[in-house]
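Note that the chains take the letters A, B and C in the order they are written out, and that residue 1 is the start of every chain.
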Amino acid sequence: MTSEIAVIGAGIIGAACAESLSSEGLQVVVIDAATAVGTGTTAAGMGHIVVMDDSNAQFALTEYSRRLWNRLAPELPRTGEYEFCGTIWVAAGDEEMDEVRRKQAFYDGRGVQCEILDERSLRKAEPNLRKGLAGGLLVSDDSVVYQPCATKFLIDRAVSNGAKLRLGKKVRVVSDDGVRLEDGEFIAVKKIINAAGIGSGFLDGGLNIIKRKGHLVITDRYPGFVSHQLVELGYLKSAHGNRQDSVAFNVQPRITGQILLGSSRQFGIDDDRIDHRILGRMVKRAFEYMPGLRDLSAVRAWTGFRPATPDNLPYIGLCPEFKNVYLAAGHEGLGITTSLGTAQILTDLILDRPPKIDCEPFSPFRKVEQAANG
Amino acid sequence: MEPVTLSINDKALTVPGGITVASAVLVSGASFFRRSVSGSPRGPLCGIGICFECRLKINGLAHRRSCQVIVEDGMKIETDEQN
Amino acid sequence: MNKISTDILVVGGGPAGMAAAVGAASKTTAKITIIDDNPTFGGQIWRAELGKIKSPEARELIRKLTSDRIELLNGSQIFGRADERTLLAETANGTKAIEFKKLIIATGARERFLPFPGWTLPNVFGAGGLQALVKGGLTVKNKRIVVAGTGALLLAVAEYLKAQGAKIVLIAEQSPALKVYKFVSNLARHPKKIVDAIRLRAKLLNVPYLTDCYINSAEGDKRLKAVNLRRKAKHWRIECDYLACGFHLVPNIQLASLLGCHIENKAVKVNEFQETSLKGVYCAGEPTGIGGVELSLIEGRIAGFAAVGEKQAALGLFPGRKKAQNFATALNQAFALRDELKYLADDATLICRCEDVELARLKPFDSWRSAKLQTRCGMGPCQGQICGPAVEFVLGWKTDGVRPPIFPVSLESLSDICET
């Protein structure tokens, strides 16, 4: 049976696309250079499913996608470790509390459940946060997933819907008729989805995907030390950041009782090795919010590369210069969250149905404009 | 060395000084140090601090490798046996 | 953070490390620093008993170590590196950044554990493991102990435990009789070893020593009650208090791997001067291949001399090393692991003890990396030090990839890094 659609990349984005397309009866082939699914950027992330209000477009995509995750949650296996732990955006001082109130109004007006916490209720919710933090915003429907297993679940589902999986195969060239692999094999398909993340730019030289290196550390098991994903409001400054290295307090409780600590962003680095200086900065930042972290045992640390676009919104849609090639790449630090929404949008576009949210802001054509404005 | 008095799960015990906490716990007759992630009883395996099976809460600090800690007077040792 | 610098940094205070430091110190006035994570030097084979080292050879080396102007850093755990010539260590007084000109890696070896049903029961220990616990103060008087697995270590452990008053019920050596006898007869070429062997045999009279014999499973409810043994067609059960079971040793190559040294067959590749593929980085002792204490001492000395440019002095030790290497080769051949040991674990047997991952859950995968991500096998605090060698032997996977921290450290230690 020949495939109709090739999905390049078996990370969370490719997996979600494969699952979504194959569940509509389309013949899909998923291709990845790695020998296992979800072992690249996907494996390195935090698995935080979070609504973000950085822009209307980002809000629309994250909120839509979060709804799809929450709907999928009961079907995930136990190994997917789906937890509705919620997010608390932590305000250190009064200026950040203004931001908390702004956020609350924004979310409230758009049907996202959230609650303002003052200093006392913040400490009640998270006793290990230091005294003197002004408060925060609790977004209770945010969740956490163990994304390597969720990725495998989506791929397995796609395969059981008839999709084919070609691992250990690197794609060399993409054209409107199909993909050519490095070993010379040509796979003829009707449509192609480039979901290759940090590798996506190689397949279409025009893409402006930059790598943003991040570090994470995970501790031994300390159940009950933290209950919600805690993110400092300054996270957004870091995520938006221009060209500077930055760290932000971002802590996640895993179902195992381990604590996952992030986050850092660095530009223009190809080296995937741990940089102790920025790792140290990141951990020090965390102590400023949770001093009790000092004594916890750090068991592993790793790095990952977020694929970022110049305006921090992903490319979702038909690729310029092609008739049959679509892009689903450049999700920066929101790949896990927005994977399901991305997949659904692409499926709708391919099947000529109106997507559920406005996807103009994600149009790959906008990159042409950016280059023109350069 | 001077003997040392400590408590294991709130029971007082006097042991020779200079021995490891792991040895003290084993000498007290207990072999159940910690519960594994799926709840089964575990005790020390490697004896040299690399298997992490001998982890105990010592003086309130969790996950201490008891085979690497020397007993001290007044030490409070907690195993998972009571949980 | 505390920054220090030295000319020669020796990582590991066992026989090889001590020999390297003392050897280097005898030829140079350059600054030499030796670092070890234990409170006292000696490594595993010369592990101090209640703070005191028993072996006279070790005591002599320690005397030299402490009398020279060698900087001693005990209780310090290397966990990462800041740059090509700076390592990071966790100490009781914060993180230390140690800058070096030359590095000698002498990180020793650890016991290999193989899984079998019941191996996670309390009172199942490693062979070296039980010895280490007894040296740490555990009393074994009148305890019924089965010593099993493979290697010359089993005899040393049995002798030690017997001297402490234990009842050694059996020594079960998995290697076939022919291989062991071949090894014993080979000892004739090493007179010192023959004397050791005879003395050992004398001490162990009345202790049954069976070759071709291995543990099939361990039984017990909340702790070990009995072991089931197999020898050719015979199966039988022995009730015992403790099981001391270890399958020879595996090299500790984590630091060498982290630095990017070339690794071959799970050992650090070195040239005749004990230099690794990285210029100025040497490796001596077990990480270059399991070879025993004599070989470790010679290799350490050669590395110490070579690191300070004393090639002639190093050359003088080459014949002694060759002899010790022959012994090491014979040792490894005699105690090679038999195939049956791959099949002791059944589907329900745990392979990863930190994360409780049983064999059945690992079987569907074809690589360490994907199995790790999907099951968490190897992602626990032991960082795969226990399950890694087991997985390599039982499933044939390559367990590669080393990242810092190469040993769990506190978040405090990770944070204590200077920005510059």
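Note that in this section a residue touches a chain if its C-beta (ideal position, glycine included) is under 8 Å from a C-beta of that chain, and two chains touch if they have at least 3 such contacts.
Since the model is a prediction, treat every value here as computed from it, not as a measurement.
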Selected interface, A-B versus B-C, where C-beta contact pairs are more numerous: B-C
Innermost chain, where centres are averages of C-alpha coordinates: C
Distance between chain centroids, defined by C-alpha means - chain A, chain C (Å): 42
Cα-centroid distance, chain B relative to chain C, in whole angstrom: 23
Gap in Å, rounded to a whole number, between the CA centres of chain B and chain A: 42
Per-residue overlap in chain A, given as positions that touch at least 2 other chains: 220, 295, 297
Touching two or more other chains - residue numbers and ranges from chain C: 380-381, 408
Two or more partner chains touched - positions in chain B: 37, 63
Chain C-touching residues of chain B, taken from the complex the two chains share: 1, 15-16, 18-20, 22-24, 26-27, 31-33, 36-38, 40-53, 55, 63, 67, 70
Residues of chain C defined as touching chain A within the complex: 80-82, 88, 365-367, 369-370, 373-375, 379-381, 383, 403-405, 408-419
Contacting residues of chain B [partner chain A, same complex]: 37, 61-63
Of chain A, residues touching chain C in the complex: 35-39, 43, 79, 148-149, 152, 217, 219-220, 261, 273-274, 276-277, 279-281, 283-284, 286-287, 293-302
Chain B-facing residues of chain A, complex: 220-222, 256, 295, 297
